[in-house]
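So, here come the structures, one by one.
Next come two complexes, and both contain subunit A; in the first it sits with subunit B, in the second with subunit C.
Now for the complex of A and B:
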């Protein structure tokens, strides 16, 4: 009976937002053995092509072993693994150059690549992304044109069925995909993605455009942009939304993959639960001001100076699932709410149309996603109520004018 | 009692209690819900945060009446099918008799009581359908509300045990997809903002429902002269002997 209850429970909750932080000793012991065996096996392999050495890189940036181990224990915590996994996570980080990565760009602004490259004084997360075996990335590679295409072909051939495919950007499906083409052959983004994803071990959609369509898919979505999970089927797919995606979460996913050979546990939107299982709101440093009803009423007012809650100037933390209130950006330097600028829900589907406005939803002019007239929900509702009131008024007036019928029924 | 009239029992004590509990719950839910949606009054800025707790109290009130609403809804849903007094579902089934009665009642309203070709002794098909619509709107409100609520338990545990958030996910996760379909989206994937928009809009639909309900019951009382308004208070209405 207990088994059946457990089975039913699993069936119905496997895709929900629930985060299981403690799975019991037996589970972790088994996982530890598995990870250890995998790490040992990876150690025997030679690094694919990236000859940068992590130890040298860390030394060059002035990061000592102690800092590195502190980082490893933080990542272990982020991945919701017990502290005993810390040495394995550190090993996995050192072995990140065993994972060949192909990174392609579609309809986007290269913001996710930029977020990694432009971090001021790279920290461990960004350095680790230097040592992954990045076989192809249009934005940062020296080659171009036919040379770049040859490089891609070579990487796809050499690491067939082994490479991780990182996708940045939405896929325009309108006009047979002609809104976006790439390379000398004018291959559409859709064909490009389908061809490269065919022999990928797993696909990681990075940023809100690749996951949910993002800004290109904002109403009225002229190019018919969609996310990767709409077009690629039958492949392990991990979504790391946000604009830009947090490098800490990309590293988390890669380390998890190296460590276990599996994709991390995902929610119904295929986001890793370790990063997207929580609402920003519940871990927000300004949460106490929300409960107290202390809000910033307008930019720069007394409340803003006192770090009051940003809900009334449009913070969407209560409706947004992400870990930025915990891990923050740029190795914990700061995050939007920390600088006094509310969350715009950038890691949620449809964020541009339904989250990114500087007032609460009930006070906002939300443009109908399918195009059409701008109407707030309240105006529409109040309109309905007014219509009903007018209808009632007319009926009442007519009733009074017509006079009462003593008996009812046909006179 | 006025001579020539007969008293007809229409609502039991239980039904009347639920009716007024629902009224109070709904008023509180609307007042607190509007604050949660867009805090429309300010806390005293000079007081300490611990003394204010304004949003938290509003949310507390909103959730308490929501839970009361949940329980009365379960009772009403039960009575809808199994009441020993009157089983309302019998008036909602689209049989020929019910359809004719539905339109006769509607015609009675539209002809300003010039035409009244149905038996107003017992609950008629039109009103029962109208009440059924209310409870469907309310059910949608409860499911979407609980979906918005369940995310306060990310670890899947609550003060009354893990079964509660587990059950809430089980019975409300579908509202994400349905809301997304209702609100409309150009993105891949459903988001919780659609549930919120739908929850907020449904409040207005319920207020529209209430406006007509109150008007219509008063109108019936005035025009039918059968004391319909007393049903919700005393439980009975009065009907002319020769008609009953």
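Now for the complex of A and C:
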């Protein structure tokens, strides 16, 4: 399995992560019709049980149509769809209670649940918590204990083969899985995941633990922690890494699923391209200082006071793919680079061992992509590809999981 | 007969094994069945890597872990002969973000856990509003993000200072979030102005209010939580902060304290393997957290509650409610004391020059959090983490129960589960 995991990590190239944002009118018209047909069909279905009417709820919360449409157009942009899709995205949000979501926590710190709980202020929290059908989340659901287990069983049965399974946390494989058990019968995390994923429509691995093993998998990986894609086979899988994952990206995946019934376009690490097609460095607010050769040389210096580039104090923005520099965190209030702390590459595989702190790359035994920051990651990735024959098999498998992602954009 | 009860809606999961006799809890043991091995992960790594790894011990109090790591490394610098004198600005900003983390924790605990559970025990059909807790917590975490970049899992504190160099605009932003939070708190949570609330001296003052917290107060009384859930009436505060002072209290008598007397022992958990440890001070169990801090800080209303109801579940819950209020006021004071012209960072020697032991103690939302690091030439030899939940919710024998075990005795199983939650369980921290 270790070879396979390494192979997958080496497959990534920045070119593979790029999204074609102009596919021509014919493509978008076809997609629009497909989405419209799906939305109409969803409207005829009854909401999953006990869910509130979203229109009423928005009104109760004093959210007017204009605010809601503003939010919808932002999401449309994030999903890299033309503005004409905004009404469809709004409809999809209103139909969120047709999409059952089961959320399980494995070997983790609950940080992604925490991040989601305080995602985008009251409005989007409403959408996330009341509107979307979070059928089962151990931290935030109403029921607890045995009642909660019964509720999980019930949700799995009622929405068999239809639910989106969100997984937070790594799977500890050491000691026959005894580093993490759950429920009344002490089921191991591995067995728990296998049982619940069996009848999921798709799996969304949220956070770096669930995607790549995360901090629990840091050397010497005491519990043998691995990510979901290392153990679950034959299911559509979407990875949303980062520590914590950005709630905006979780919402994006759900909306996309409702809108199209499909998983979004993915890169070779199974990350949605709408979120991970960006390199932090390329959209960084401090990028101009990099280009001008103005760097923070050490904490607290004049450069730090003037928001200069953090590359020399160890920022990993040049080798990290995520939309943090655009979406930012905590409802756009800020992000680490905004407070003068370099990116630690928390959405990249192995960040916990390779990138951990402000070790400047020159000192850290990490090879920057093809030697320089400015060359693209493409060559770096391709160079390794030839050595990783094993990777090609995986790539094929990944493509099947992701659907025909290059063809027409949607699986 | 032993019955097992799962506890979720916490960070992670816990199991309680109840031995019920005559319909009340005769004894209960507690197991935490998850383990990640963070201490062994830290071994051999660069000491500065801990700044990224320890906050990820916990999704809800990661900031406290970051601060404990920073304090431990700064202590090692001092012990190696390179003391770092922090500027007042650094200290205040660190305190501010820690305070906001405690506030978001309490809001979530009150609205997502305690009020719904109280309603269940009261057989109340009151419509639950957990989103209020999520909303308040989201404002608090925005205030943190102004200085820390993001919440959870920020690493903006570094040995010698902070990476942020805030401007007056940042201070204004942070102030406006605190003001927004205070007006939410006044309108939704307490139903009276913050000043008026802070001047309360008796729980009778609640009778005039109509608010979420007055509902909580009367519901706790209604199910007689003022007569249940007693632990040892011994309290421990170890972290030094602008909002708390270290103290060991037996009832109301304070004693001096030294972190070196904190030890951990294996738990007694005969029914399920547990990865937790029990934390003790001079080989005895103490309660930690908001009630302990209120007692050590001589907070008048909590002391009055304590005089009438001792360390009951009622007093424990209400101490948390009041800590939200006192910390909101304190957060404003902190912000007004920031002088942005002071230094954000004080340079010292490179970490590779450091060979020493350092201890960092912080008051986390649930009580003292201790990090001990042994550094050799900048690399971590040993790292030890002791968390507040290990003090409060250990699992020991019937003759020497932990605070939570003692508090659950002689109550019904449903009451016991509620009392267990009054300690605010954090499973992921406990085993780390």
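Following the convention adopted for this analysis, the second predicted complex is superposed on the first by the 324 of 411 C-alpha atoms of A that agree within 3 Å, B and C clash if a C-alpha of one lies under 4 Å from a C-alpha of the other, contacts with A are read in each partner's own complex, and residues count from 1 in each chain.
Simple rule for what comes next: contacts are C-beta pairs under 8 Å (C-beta built on N, C-alpha and C of every residue); 3 or more make two chains touch, one makes a residue touch a chain.
These numbers were taken from a predicted model, which means no experiment stands behind them.
Once the two complexes are laid over each other on the shared chain, residue contacts for A:338 go to subunit C alone; subunit B is not touched.
In the superposition on chain A, A:293 makes contact with subunit B only, while subunit C stays out of contact range. When the shared chain is aligned, subunit C comes close enough to touch A:243, but subunit B does not.
Touch criterion met: A:180 reaches subunit C, while subunit B stays clear of it.
Contacts of A:222 after superposition: subunit C is touched, whereas subunit B is not reached. By the touch criterion stated above, A:107 is placed in contact with subunit C alone, subunit B being left untouched.
Overlap of the subunit B and subunit C contact sets on subunit A: residues 214, 218-221, 359. Contact residues of subunit A toward subunit C in the complex are 105, 107-115, 117-119, 121-122, 125-126, 129-130, 138-142, 144-146, 148-149, 172, 178-184, 186, 214-216, 218-223, 225, 243-244, 298-300, 304-305, 329-331, 333-341, 344, 346, 352, 356-359.
Residues of subunit B touching subunit A in their complex: 34, 37-39, 42-43, 45, 49-50, 52-56, 58, 109, 112-117, 151-152, 154-156, 165-166, 169-170, 173, 176, 180, 183-194, 196-197, 200-201, 203-205, 207-208, 211-212, 215, 219, 222-225.
Listed in rising order, the residues of subunit A touching subunit B in the complex are 9, 12-13, 15-21, 211-214, 217-221, 226-227, 229-230, 268-269, 277-279, 282, 288-295, 297, 302-303, 311-312, 316, 319, 321, 345, 348-351, 353-355, 359-363, 366, 368-370, 377-378, 380-382, 384-385, 388-389, 391-392, 395-396, 398-399, 402, 404-406, 408-411. Remark: subunit C residues 4-13, 33-38, 40-41, 44-46, 48-49, 51-53, 56-60, 62, 104, 108, 112, 116, 128, 130-131, 134-135, 137-138, 141-142, 144-156, 158, 160-165, 173, 272-273, 275, 343-347, 417, 428 touch subunit A in the complex.
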